[in-house]
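Structures follow.
The same subunit A turns up in both complexes below, where it pairs with subunit B and then with subunit C.
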Partner chain A sequence: MKKRYIFLALVPIVLSVLLALLPDKSNSIDAKRLAKNLKSAKYTGVSPDKLLLESVNDDRFMQPDELATVIMGQDPSYMLIDLRDAGQFGKFTLPGAINIPSDQILTDENRATFESDAYKYVLISNGTVLSDQVWMILRRAGYDNLKVLNGGLNQFYQLYLNPPKPGELDPSEAFENYRFRKAVGAHLGLPNPDEFIPGGSAAVASPTTTTNKAQTVTKTPTKTVVPKKAASGGDEGC
Partner chain B sequence: MSDNNTVNHMIELTKTNRITIGVVVVLVILLLGFIFMKPAKYAFNTTLDKEIKDLKVTEYQMSPQALAQAILKKDAALVLVDVRSPFEFAKGHLPEAKNIYKINLFSDDQIDFFKDLKKGNKTAVLYGASADEANMPFMILKQMGIDNVKYLNVGYEHMKSGNWAEIAANSLKFNDETPIVDFAQFISDAQKQNQPTSNTTQEVSKPVGDKPKTVVKPKTPAAGGGDEGC
Partner chain C sequence: MGPLIPDIISPEWNNIIAIVLGIAFGYVLESAGFSSSRKLVGVFYGYDFAVLRVFFTAAITASIGLLFMDYFGWVNMAALDGLPARVYPIIVGGIIMGLGFVTGGFCPGTCVTAIGIGKLDGYVFFGGIMIGVFVFSEMFPLLENFYNSSNLGDVSVPQYFNMSPYWFMVGVSVIAIIAFYVTLQIRKRIKKVEY
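On to the complex of A and B.
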């Protein structure tokens, strides 16, 4: 009889000892963050096969035009992070970007930057490869809400410095895109593409197209008002 | 009295028996769980610290020139791996490349392939449609401790011609991270240009303010016209 009680008492004790001796392979990010050794951690956030799947689809990419709308609209939910060194950052960057050089992304201070859930973080470098590598390291460290600027600053500035001109037969969206990109270029302080491109024809024609764009923008809200008045006028008349 | 005692005894016996049986069942379930538990097959084996340092290591990049030279020399220490889809691979690929579609990277065959290369002191050069496509599988393999991998820092299109001598002689340096042009220069030039011509830009902005007025005009004729009609 007593043996049975002893056995029953021993089982939980042995189990708890086993639990204490289990190797630490936890994926608990918070535990790793609290332990200061995040940088020397091997088992963290996301497993390799999951990360591969994430890296294969393009969800992490932010296209230049998307980023341009964020910059023009001064969207506060995005934080632009320039990963180049301080020298390059000082010369030029994107409006509102902060500088975290790629080799300092996991210092205590900078880690605190990535903790907030309020922001989407856009990683920016000259190309895509470095920001993508940093994206992967940050994902492995367990951080979320990360975006990568597709094509980097090289393509970003090129696109707005010299936006591809739509042909005559292109759909109207192509023209709208072109005007939008020129407006972004002007916002970034880049020279007007029509004046800048060698052999670019009517430099005079370009301001009129920009004003046309402004017209269409202002028109649309007023237009919506017009039918109402006309309708009410029609009612009165009848 | 003695009868009563034995009855009590019996009740207690059945009680503890049930508890013991319960505990044994739980233990068996735990044991089965341990036996059938799949340990995480693939795990990262490098520290984040090392990965951050590796960001600046250029040796993991393979330039098109170096690759073209290796192909000309028929260097057996380099093994080309195409990470594009089998469809793209079938349309055309670099000589003697092995197709490992990036999505299928995690199977025993593929990982063993890379491990065997490491044993044989060979280096795998990953390439895709762009440097970026090869970069992602490369990073994952490297972080798993398979560090005999490199990635081609241009896309397949760049190597497509197969004119190795010409590619090897190309003096252009390819690195995704080098700025193409000095945009700072452009911006400061543009600002200098804009200062004298700032009047014209104001003129341009004026018509924008005027024209909405002309847009307003059509409203009244439309409404008035509607009234007149009726």
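On to the complex of A and C.
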């Protein structure tokens, strides 16, 4: 009886010492707890040095042609986020875009929009600067799958309202691109430059004159992912 | 099933597993004799330390097991939810809980076990818990400030003192074994109580 007690008493001691002496604590619960507590402090985001590395990398940019393909194909895995204020959004935007003004990007409701893994989020503003700033804020706050529309709406409309004509010696891809862009322009309801601008490309109507009415989707069709939180509270019963 | 093997057992099974675990827990409590309030309060009077031993053993077994499973990556301990450490409210709550335990002879789990085998004092104790819950809920606005005071957040002891959780576990195991030994000696010297 006594011997059995001693043996049983040794078991937890030996096991816990073994635990303490095991090599490689990369799985250390301390690190994970720390990470979790940071999460609750809403600072899961990428570390500043990583953010710096990402920000000098052009991977986050989405080229207008890529976006046009998405719009034409009505790809459901992309969510277009128009960051301009509601007034500008009301005048025109891209088909399917939803409006989250840049100054409201971190409200609880809007944060929830970005928490789904199901979408790639394309940040859109008039140019690149505002959407790039918002990209940095969201990235620092820990959100993934963010893209920035390179050149913004201005370049986008410029490109499809008035696609640069390929020269005669250009490769055939250039002609394909040109036709694609004209087709996108037609799809977006932009006027064909050949039809009303004499000589083609000299003067272009301002994009604001286009009648592409905003698709005013204000509710986000997101599948919001509730932050991971195991069954909360619970008394430690005895 | 919680953070453990989530890919194999889908979350829909959680409640079923919880019921099975609950029944098993109640069965173990009952077979350890914890449905008897005399046995339970023995720890306060020094004639029976089964409570201390069982719960201390359960605690170190569970923590060593969890730490091992976490080490091997089967369980993500960071995903387990801890109650925030509110120092003074917990001290006050502990005193109230202790007073209830020593006067009533049960703690909440064991009183349900006692109900399970049809003990009347278990029912009375459970009624008392419900009244206490009601009174506390009604008084909550008055207590709210204190309830939320001195909140250290979800910290563990080793984290607070910035030490390795594994060596902390070694310390706890040693303390547990010492406690078992000391209580064994105390029990030997105290007159046996029949109950």
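Descriptive notes on the structure:
Note that the second predicted complex is superposed on the first by the 154 of 238 C-alpha atoms of A that agree within 3 Å, B and C clash if a C-alpha of one lies under 4 Å from a C-alpha of the other, contacts with A are read in each partner's own complex, and residues count from 1 in each chain.
The rule is simple: a contact is a pair of C-beta atoms (placed from the backbone, for glycine too) under 8 Å apart; a residue touches a chain by one contact, two chains touch by 3 or more.
All of these numbers come straight from a predicted model, not from anything done at the bench.
Applying the stated contact rule after C-alpha superposition, one finds that A:N177 touches neither subunit B nor subunit C. Of the two partner chains, subunit B is the only one that A:S47 touches; subunit C does not reach it. When the shared chain is aligned, subunit B comes close enough to touch A:G127, but subunit C does not.
Look at A:N145: by the touch rule set out above, it reaches neither subunit B nor subunit C. By the touch criterion defined above, A:I105 lies against subunit B but remains apart from subunit C after alignment on the C-alpha atoms of chain A. Applying the stated contact rule after C-alpha superposition, one finds that A:L153 touches subunit B and leaves subunit C untouched. Contacts of A:N162 after superposition: neither subunit B nor subunit C is touched. On subunit A, the patch touched by subunit B and the patch touched by subunit C overlap at residues 5, 15, 25, 40, 229-230, 232-234, 236-238.
Touching subunit A in their complex are the following residues of subunit C: 2-3, 55, 60-61, 64, 67-68, 70-73, 76-81, 83, 107-110, 153-156, 158-159, 164-167, 169-170, 172-174, 176-177, 180-181. In the complex of the two chains, the subunit A residues touching subunit B come out as 1, 4-5, 7-8, 11, 15, 25, 38-44, 47-49, 51-53, 55-56, 88, 91-92, 102-103, 105-106, 125-130, 132-134, 136-137, 140-141, 152-154, 157-158, 161, 188-191, 207, 210-211, 214-215, 218-219, 222, 225-226, 229-230, 232-234, 236-238. Per the touch definition, subunit B reaches subunit A in the complex via residues 12-13, 16, 19-20, 23, 27, 30, 40, 42-49, 51-53, 55-56, 102-103, 105-106, 130-132, 135-137, 139-140, 143-144, 153, 175-184, 186-187, 189-191, 193, 200, 204, 207-208, 211-212, 215-216, 218-219, 222-224, 226-230.
Within the complex formed with subunit C, the residues of subunit A that make contact are 5, 9, 12-13, 15-17, 19-20, 22, 25, 27-30, 32-37, 40, 228-238.
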